[in-house]
Amino acid sequence: MKNMRTTIGSFIVLVFCLSLVLSSVVWAAPKGELKIGIAQDLVGNWDPTQHTVVTMLQVEPTYFDFLVKVNIDGDLEPMLATSWENIDPLTWEFKIRESVKFHNGSLLTSADVKSAIEYASSAKNPSSAWLPGEIKGKIVDDYTIRLITDKPAASLLYSLSMIPITNKEWVNNPEKFAETPNGTGPFKFVKFERDTLHLEANMDYWQGPPNLEKVQFQYIIDPSARLYLVKTGQIQIAGRLLSEQIPIIESDPNVVLEKNPIVEQMWLWFKCKKSPFKDNPTLRRAFAYAIDRAGITKYIMYEQAKESNSLLVPGVFGYAPASNMPSYNVEKAKELLAQAGYPNGQGLPPLKLMVAVGAWPKCKEYGEYIVENLQDIGIPIELFTVEIGRLGAICFDEEPEDYDLQITGWNPTGLEPDLFLRALFYSKPGRLSNIDVPEIDQTLDKELNILDLAKREQVIQNETIPTIVDYMPGLPLFQTVELKAVRQEVKGFKLLPSTVYDLHGVYLAD
Amino acid sequence: MNLDTNIDNNTLLKKDNINFKGKLSRWYRFLLTNKGIFFGSLITFIVIFCVVFAPLVTTYDPLKQDITKRLTPPMWQDGGSIEHILGTDSMGRDLLTRIIYGGRFSLLLGLTSVLIALMVGTLFGLITGYYGGFLENILMRIVDIQLGFPFIILVVIILSIAEPTFWVLSALFSLLLWPGYARVVRSILLSEKSAAYVLAAKSLGASDFRIIIIYIARNIIPSMLLMSTMDIATIIITEAMLGFVGLGTPPPAPTWGNIMADGKNYISTAWWVITFPGVAIWITLFGINLFGDNLQQFVNPKLRKKY
Amino acid sequence: MPNNDQKNLLDVKNLKTHFFLNNGQILRAVDGISFSLKKGECLGIVGESGSGKSVTSRSILNCVESPGKIVDGEILYEGRNLLTMSEKELRKIRGSDISLIFQNPTTALDPLQKIGDQFFETLKAHSSYNNTVIKEKVLETIKSLGFEKPEVIYESYPCDFSPGYIQRIMIALAILCKPKIVIADEPTTTLGVTIQSQILSMLDRLRTELGTSIIMITHDFGVIAQVSTKVMVMYGGQCMEYGPKKDLFLEPKHPYTIGLIRSVPLIEARTIKKLYTIPGSPPEMINLPSGCVFASRCEYVGKKCLTEKPPLKKLNEERYCSCHYPVEFNTRDEIII
Amino acid sequence: MKQIIIKRLIIGLFVILVVTMLTFALLQLFPGDPAKMIAPWAGEETLIEIRKSFGLDSPFHIQVLKFYQDALKGDFGESFFYREEVRTLLFSYFPRTIYLTLGALLMALVISIPLGVLSALNRDSFIDRIVLFISITSQSLPNFWLALMFILFFAVKLGLFPAGGYGSWQHLFLPSFALACTLIATFIRSIRSMMIDVLEQDFIKASEARGIPRLYIIKKGLRNTFVPLLTLFTMQLGYMLGGAVVIEFIFNYPGIGLLAMQAVLRRDYPLIQGLVVLISTVFIILNLLVDLSYTYLDPRIRKEEL
């Protein structure tokens, strides 16, 4: 009788082989499946109003549609709303496209639009951040609806391009919503497991079925992992790559490099409610002049960034280079520092620049460079690295004791100027810089109420932006250029400035 | 009847072939003749010398950035320059200098954490192994509790609460390592406890304390030596892992760990940033292990060659 | 006495086993030993510790630990020289033709393996029976040595029994493959007297009933007297005296043997006399003296002893003695009955 | 034997209780707010709503009590981020880490046993030097550097294995090999020193004298090193789960290492709690098995215990 003891060893081996056999799923991708590697994770909750996570906003257009759509040139296009007109400063009337089916087969009517917009705009739901306030919907008939805002909002149309139209039954019971979304988009939700979102083609999509049979969004945390998966063909598109990886992409014949500036901008925010920056714009501008933004873009980021010379980015309505945006000028910085009451940095308390590692690429690198720039003119400052969770928790605090400046990115995935200006610089909620200056609030309100687009643009460029830049609550470091590696068999894939995925026209050539 | 054994003692002493000059000479002769120990200690000495007297070895300031010279390759590759022998890192700082200054932190961190873990673990192990019974259960359950906690969760929480200074990190790492020592010491105790020499010592009236410390401790030293040299590597590499998540030592202070973490993304274009700290670790460990391995022979008579 | 026309089972000629120490010196543990062994005979090798008797036993099976090496001599077993055999052939002989019993029973068995499995392993290495047959043979061998419950022994571990019991099991293990020669290297030194007599009677029965010849290595004259048929006295790695037990005990020729016999306390002796002890201490094996190794301690030492190494003189058919001046000595007049 | 197991399991429950209490306490101190992770740009009143839906607004002791009531029923709540039962999440992620760890163990054993035995048999020879060299190199090279090198070489250049993700055994080979490297160093050195120890012992010489073939003797020697090896492995397991995070990070291998890191970074309290319970249970059971195996494998200890 073979003695018992060796059975322990063989038992472990047996379990191991057995389990391997069971789990052998063929990993070669069928031709019609497009796999995309994304850099940030997806939230498991499919109710679009319950989060403001950038990656979700980028992915939602594949299974949801919107009333209006922003095309590649940044102009508004009809989508579920065939036409619209402005009846009075508070109401807009929309004509709804007919014979559009939801994924569960029910027809799209103005009742769905009413419930979706009202649900999204209620202060209870996070998505209200994208809207200028509570919106009421009045149904005129099955395919016309009037949306009434509580105050005149020129930015309504652009904001509506970010609010997906969902089925009214889903809106009424959020539990069902959290499990599976029911939209009218080109693809249908299949399942979400192991950090991967599986979608399949929606055959009766109103613009005709998409060319791809299946789409997969897989969260891959590490940039080198993403790139190598594209090179071995396990995924077809990998986003958010590093400029150092460009030589590898270019040396590989079957992978194409896509370079597109996107609406994301990296900012250096001053905590304007905390000393020494409190009520001291000169000090903040002194810091701004001391930072070699050109150097960061040229040496550290090079392919991954474009110089930013305004609070907005090209492609956003109302963009124009700001005349008084400070550039790298050490003498002026020293001069302003003295004017601000801290000649050569004497009297300044030890400051801390907070940077999150793993959220935005190379944040730590240019964080260290900025710290050295500031130290060069005598400012006592150190870098304070945190992980993403901690940054998220303390980046809005008005008087945090852990840091005084922070580097955080802002990507509203929309082209409406107020998603930048109002969201970042209005005193309430006063997000990252907690700036609270009546003059800025007035110019922002002024700009919001102008319905005539040309006049609004003129006010934004000549009044709003220059005043904000004078107060310098935050210094835009650079505009991110998204580097994507796309396999050459993927055809018709284009990267929108709003970083949203429009996969309807994409197909796989064999 | 007197038993005058006719073996007179001085004849034994006179014999020149049995060396009774004293214990020290035996150590001295062994250390010199054994090649492993000699080379091991030589390498370790060189590493420690470079790390401690860093300012003498390199003139650069490890924190001085020079953006224009970013990621220059090592000297012998095209584009490399004599100024930066091993090239520069992603911020244009000289890699060799950072590795040497980084060595200070990493080695010190490794040594202190291992020592703390060794002491705490061995203490726990000795007590639980020798006494057993109720005390053993309690202490071993503390070990279970400690092992039960997933390390990554513990680290992120603690490093978000406490500032990642040197002492916090070394406390954290000894927290990670001490249960290992406790368990190994306990398993050795279990088998040694019933050994004849322990019973003999007890019968001669030796106190428990004396038995544990003098008799059984000697058997623990070889495996402790083996484990501690390995754990130093684990610590240095785990510290690098923290660098990924932004939890390690605050930049710009260099440690072998965070130099490697920075270099990870540039692995295919700037291979040297991540490779040379790895080589530095390898050299240090090779020295320590060579030294430890052969010293083990001296300490553990079983391993020592007969005759 | 078995008739001596039979061919020698084992013939050891001029065996030399030296240890090459790492500091360059050479330790001549066995320096020219010759003896022979016939079927059913028991050769007792006696000598003080360090006289090279254990090394001799190991050399026979050619498993001397490093750094020892057999440098010279022949070991003919049934005419075949064991030293020139290949490892494979030698392994066939070890355990099946010649088996070894160790001194310390507690460490002689694998602590983690059942006793039965260790028997099984040995028999399997030397036979081609299938498993069930091997198991039966093992149980049968164990039962043949008078153990009551062989199945229990088969399933239990070495630590479950007392050293004495284990040593008897070792004997069973030694005779498992019906060997022709059993070498017992001080089998009873670590055991008590009662166990000793049981073990020796067991060995003796092997010789008388099964005809296996035995080489008994010991430093205890009592054991020699009880078991052996022939005796070889070893000192400093060389053979001092070699011959049948009775003659050697009664008329020892070599001064060293005489010294040994005189230092055995006799219970029958009525008068109490100071116990005789051989002066000096065992030789230092690394640099042995040039002449006779025993010269420095010998009472009858002569001029030649210091300079010339005495050859092994053949006194009669089976008596050899390596001494320049063999002494006429009769143990009977020593013992005053 | 039975009462030992029962006693240990009861103590195990006590340990899990203490560990979960410890986690609750630590999470209180843990800066960061789950609601903000879901909706970073939302206004304050929305965040209050989200916190209410997570049940974080109720006082601390009620949260703790609620957790233990549900835990007894086997329900560990719902993950904030994944909106999925923690239980189902863990059951789908945990087996993968088991495959990874077992794969690493298997590879480590397959590589280190022959090397360890070889270097033990011909000690201080040329082979011994090489094996020492391999063991030190495999231990001092960081596992993430190795992982990247494996991907670059085996997956990208040679295309033998997938560069990451999870699917079949091909996905498992490279990550477990990278993870096995640190194990190899420990195993080789321990097997070598233990084998040297064992081969010196009498019963090995006795077996040789009985003509037992060399292979069997090495097997006997190895069996004697098995118990200490087991202790070493369980001790390394703690590191393996930690070390696995980096490997899973680079190979994008969805095991509980990666899940734990993300759970912590996203402040996903129920998932963290679930992970702590899972890992401490695994350790308790594992430690129990190892202690039992001591008695089972080594009769000397068993004789004492009973």
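As written, the chains take the letters A, B, C and D, and residue 1 is the first residue of each chain.
Just so we're on the same page, a contact is a pair of C-beta atoms (placed from the backbone, for glycine too) under 8 Å apart; a residue touches a chain by one contact, two chains touch by 3 or more.
Remember, predicted model here, so these are calculated numbers, not experimental data.
Core chain by CA centroid proximity to the global CA centroid: D. Of all chains, the one whose Cα centroid sits at the greatest distance from that of subunit B is C.
Averaged C-alpha coordinates put the centre of subunit A at 37 Å from the centre of subunit D. Between subunit B and subunit C, the centres computed from C-alpha atoms are 50 Å apart. Mean C-alpha position of subunit B lies 22 Å from that of subunit D. Separation between the centroids of subunit A and subunit C, computed from CA atoms only, is 90 Å. Residues of subunit B in contact with two or more other chains: 156, 160, 244-245, 264, 267-268. Contact with two or more other chains is made by residues 224, 358, 387, 389-390 of subunit A. Contact of a single residue of subunit D with at least two other chains is seen at positions 31-32, 148, 152, 223, 249, 264-265, 297-298, 300.
Interface residues of subunit B, counted against subunit A in their complex, comprise 65, 67-68, 70-71, 90-92, 156, 160, 244-247, 250-252, 262, 264-270. By the touch criterion stated above, subunit D contacts subunit C in their complex at residues 201-203, 205-213, 216, 220, 223-224, 297-300, 303. Looking at the complex, you find that subunit D touches subunit A at residues 31-33, 36-46, 49-50, 79, 81-84, 92-93, 95, 98-99, 102-103, 105-106, 148, 151-152, 155-156, 159, 162-172, 223, 249-252, 254, 258, 262, 264-267, 293, 296-297.
Subunit C contributes residues 61, 63, 65, 91-96, 99-100, 102, 104, 107-113, 118, 121-122, 125-126, 157, 159-160, 173 to its touches with subunit D in the complex. Across the complex, subunit A meets subunit D through its residues 4-5, 8, 12-13, 15-16, 19-20, 23-27, 41, 43-45, 50-53, 123-126, 128-129, 178, 193-195, 218, 220-222, 224-226, 228-229, 231-232, 234, 358, 387-390, 392-394, 396, 423, 429, 431.
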